[in-house]
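Consider the two complexes below, in which chain A is the common component and chain B and chain C are the respective partners.
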Partner chain A sequence: MPLATKRASVWPVVAVLALGVALPFLLSGGFQLRIAMLIWIFAILSMGFNLLYGYTGQISMGQQGFYAVGAYAFALLQIKLGLSPVLAFAGAVAICAVLGLIVAYPLLRLRTHYLAMATLGFGLILNGVANRWIDFTGGTAGLTVPPLTWGGEALGRTGIYYVVLAIAGVVFLLHDFIARSHVGRALQAIRDDETAAAALGVPVRRYKLRIFVLAAAIAAVAGCCFSVVSLRVDPSLGEFHILVSMLTIAVVGGLGTRFGPLIGAAIVTILPQLLLQFGAAETLIYGAFIVLFLLFIPHGLAGLVENVRWTRKSAAPARTAATNVLEVKG
Partner chain B sequence: MLSIENLTAGYNGSEALHQVSVRIEPGTIVSVVGANGAGKSTLVNAISRLVTTPSGKMTFEGRDIMALKPASVVELGIVQVPEGRKLFAPLTVMENLRLGFHRLAGRSGSDKVFKDRLDYVLGLFPKLKERADQRSGTMSGGEQQMLAVGRALMADPKLLMLDEPSLGLAPMVVDQIFDILKMLREDGLTILLVEQHAEEALKLADYGYIMAVGKVRAEGTGPALSKDPALHHSYLGKPGETAA
Partner chain C sequence: MTPIHSTEGIRARRAMLMAGSLLAAMAFSSGAGAEPLALKICSIDDRSGSAADTGIESLNGLHMVVDPVNEAGGINGRKIELIEYDGKTDPQLTATLATRCAEDDKGLLIIGPSPTAPAAAVVPVANQNKIPAYILSAAANALTDNAEFQFRFGPKAAQDAIAVADAAAERGFKRVAIINNSVPFGIDGSESVMAALKEKGIEVVARETYDVAATDVTPQVMNLSSAKPDLVLVYPYPADGARVIRSIRQMGVTAPVIMPRVGLMKAFRELAAADANGVLVPSSVDISRPEVKKFFEDYAAKYGAVAPTPSAVQGHDAGTLAIKVLSDAEVQKAIDSGDLAAARLAIRDATLRLGQIDGLQGQAGVTYQFGKGQHHGAPDKGFFVYTEVAGDGKELVAPDDAKFRPAQ
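Here is the complex of A and B:
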């Protein structure tokens, strides 16, 4: 292949999505299908986080807030305004995008842990609102989300799975397109050195703003999907454990990689189910697993896969945010 | 092509350039030399709009660039090779070159333009082709400098600014870089070269400026400045020495 046209292929993404289409025929029982849906939902959420932190280096600890706002907006637009699920979905995503813009405009002047703390504060505010504005949000009890219907009938579990898969597929393709395009490289340049990126003509602030808004919108998409699957939204969606899950997915899957969010989401969703048999030791084993990952596979599983390819063929190991931290600053 | 008049510039309120005036004519190499702290890098960063410029005037091809953002300056065709190269170490050589093409990416017919620019750059630096898939952070200093120049050339600049391209490189590699600059001038490119290696930079230049403590202290044709012992003694050290 000529040097100039050598680019990463989209076919692995298509293959994964094809596997997703076949999954309901391979799984036995509704519980497994629900796990599969949760994997896609966490993959969506983590793809936004990956674009924001993994590719652009902007650490936001308020993504769970956008996730919760998306879920609540999806429910409330249907309950209070009587909108159809499609319009409620579009409205919820738009609301989060605007909210993301409002938050990003002042906060993106901050960097590193200052940005992390400021966005964490935003997440805590939203969680407080969800808990205490009882008339609007239902308080700790939350809200019941109307089920998706098709031809007047409530959609079955398999139908809901394909709705979630279709949405996840669109987000996955968008995430992959950005990662492989000149925009993705520009984002990585911002992550590595903002001044050098600016010197090459990358409009740093504009890109940071856009990617923050996009990540907020993607979190809203994940929140809507969760509402559709669980038929319930409550303040736990905006709590710290969602952020911890995202960070764990990033560690396990690999930050700044094309497939890290999906691989990480699959492991972080399935592993706790497998560890249930260990009873009280479950948390201990899960924690040890994460520590071992950090010690031995710091670039995540997606990074590991790319490194294997590197040792066989080329001199370019996986380029991840972790690589950057380890080698540029080290 | 580029005209700077009475420019002041600085960082966080402290002034590093004081009333500096510089002119660059098309198709020439202009060298700005001086010791550490002379304000050379600040001048380059001021042109790139990476530092604040409280007063003065800068025009490029007749257009005022004082109010532009860094990306808009690059859009006009002013591209710099930063001091210390500032490659994106985790990215491969090819990805760094693609980033250099950011100015032209997304335009109609950009694939063809990209291929042409890539052929041109790899023609100048054949080693980059061999290292296309190698992470840039793992290359030698000389190779990294070649990549930094190649990355800037991918943008098809009208004015190429190089900030200390010889920094930390062996003399033989510096000679190679300077030979490339001569070839680029023959191709019609306008170059602003900022250097501590005063003698070599002035010999190469059509016109030169000597800076000290944020001000232009002398200017003239490159060869004339390089042969002026008084200037060397006052601002750059003895002839033949590199300014410290």
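Here is the complex of A and C:
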């Protein structure tokens, strides 16, 4: 996986967000705006996953569980406690962060596929609860989420888009900051070799715990955004296909890259819509497309771009995450 | 210099006049001659994924009503355009497709989906875009509470449960055991029937839940068997349903078995084969009705033989009401005006006005009950009949009532 560079500029991120601001003026209808919102939501979700797995190497198969908990908490805090959307949002993120801490504390002793299986179990438990605690979660039919209002009127689709964009922008900047900072390099050092990272003074356990909690909170943010857009939450938010979408985004966009989550989310959201015209062959074509990506662009589209840059610098001595950490500490 | 200025002035005035005339012409043309709307209906249902059978059959049933109308020239000379989307049993995708139908395709009406979760995801889209949605078999009880634009053709879970509890009470069953899979259909179905049985004072002596992918359900069936029930209720999907019924037979449980909805499905009957014999199924499709029999004969001729499941019939009935509504004078007037929002509202209102149709679901003479404040079409009484699986899973026959009794 490519390493983040210390001197990477924030301006590409700002440019992407500026494009996001202009998007409602460039799109032709509400459906396209919905697709744009879904891209941002999946990008948010995948940014948490990217920090956790792409940068830190901690594979969590339970991110969809936090996504669902965030969405349900956002809905329930409004429905049951009558909180405003802003307070419900803060509450949902806090609940997921605490839940993430509770889960991470014992589970982060595990590594690789053991951690994957344990977190998958967590996701399955949450999905079971969403389906079976019918009085609380609404069961299969889920819950209706009150619409966002402004001045007593329900916010229109463009208004909702800018709310989602603003939230996505904050997460994107945070993701980018971590990726470009010494924290990102420490995380990469943990990913590459935990023992070596610890030997170099990286507080491995603390970083792993923090990034797990942050990823859970980011998943909750995505869940809240989805609730705002769809006005509904149901158990499907915590199902396996959300995890598959995240993994596909990682493959297509590029794991451990700055723009991978956004590029991957755009392709994974738009491509199925374009392939609808192929009818029953759509799934086949989509699957073939993913296989081709795995074979020929294993680091994803964003990884491809960063690899090109690294190739240009091939004359420079090879660097590893560990040397980057040493440099920061020194 | 003056002549030049004068010429430029004339040119400018001419240009302004031309632009003004053009704008006036455009305004006149758009106001006076708005194009009538195309008769677009979006069929959004699950044609792949775990509920693929229901979506395929409902679409075929819909085609069986719409195609003859189109072949005869359409409604007032305009053909109905069916836009078909596969929701893949994914609520989020289904909601996106519904938005595409409402906003990009300019659809007048959505027909589908069948399962509860995708259907529930369509409801906010229908309300936001004020587009009527004819939901098919979604069973969640609250789906049409305080409904605005959604209508439901299938029975709700509580009605399934009431039909089972009524049958159990009428026949004197006292000890019921329930086994269900871990997916929403199994959980919701068993929860609803437990409530209905409780109202009838019938004891639930055992309830077992198994994972839908479990290859061995013997422990759960052993628990059922040891509770000595006089009636067993099974809420599975087709493949796991076959495993459950096989275990029930192997364990020597002799109590009658009721399997709502899934017992009718071809996949279950083929997998269970001889073990499926004697399974009882409450169904909204009364195969003793001549028109229902003819429908399934025509269906078989066009699409291949299919078990008389509610999905095909629901697609047919939703299409029948849609055509009746689209033919309504008020709706036609709104469609001719080219005003999409007005046309959708007119369709919603006409559905409430004309919704007491005699469809293929329910017993003979029982009609849908759509009307003001009533967006759920199936009535509580006369909507279910019992069917028995026979002929090693190949046949569906009227049940032998003598066998449908508690063992003495």
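Following the convention adopted for this analysis, the second predicted complex is superposed on the first by the 303 of 330 C-alpha atoms of A that agree within 3 Å, B and C clash if a C-alpha of one lies under 4 Å from a C-alpha of the other, contacts with A are read in each partner's own complex, and residues count from 1 in each chain.
Throughout what follows, contacts are C-beta pairs under 8 Å (C-beta built on N, C-alpha and C of every residue); 3 or more make two chains touch, one makes a residue touch a chain.
Note that the structure is a prediction, hence the values are computed from the model and not measured.
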Quiz prompt | Touched partner set for A:Pro12, first chain B, second chain C, both or neither | solution = neither
Quiz item: When the two structures are overlaid on chain A, which partner does A:Pro203 contact: first (chain B), second (chain C), both, or neither?
Solution: first
Quiz item: Should A:Pro272 be classified as contacting the first partner (chain B), the second (chain C), both, or neither?
Solution: second
Exercise. Could you look at A:Gly82 and tell me whether it touches chain B, chain C, both or neither (first, second, both, neither)?
Key: neither
Exercise. Would you check which partner chain A:Arg132 touches, where first means chain B only, second means chain C only, and both and neither mean what they say?
Key: second
Quiz item: Any idea which chain A residues touch chain C in the complex?
Solution: 29-32, 34-35, 38, 128, 131-132, 134, 138-142, 144, 226, 230-232, 234-237, 241, 272-273, 276, 279-280, 282-283
Exercise. Flag every residue of chain C that touches chain A in the complex, lowest number first.
Key: 47-48, 85-86, 90-93, 95-96, 99-100, 102-104, 116-117, 120-121, 123-124, 128-129, 140, 142-143, 182-185, 187-188, 191
Quiz prompt | chain A - residues contacting chain B, complex | solution = 2-6, 182, 185-186, 188-189, 192-193, 195-204, 206, 314-317, 319-320, 323-324, 327-328
Quiz item: Which of the residues in chain B come into contact with chain A in the complex?
Solution: 48, 50, 69-71, 74-75, 79-80, 82, 86-92, 94-95, 98-103, 105-106, 114-115, 118-119, 122, 129, 131-135, 137-138, 151-152, 155
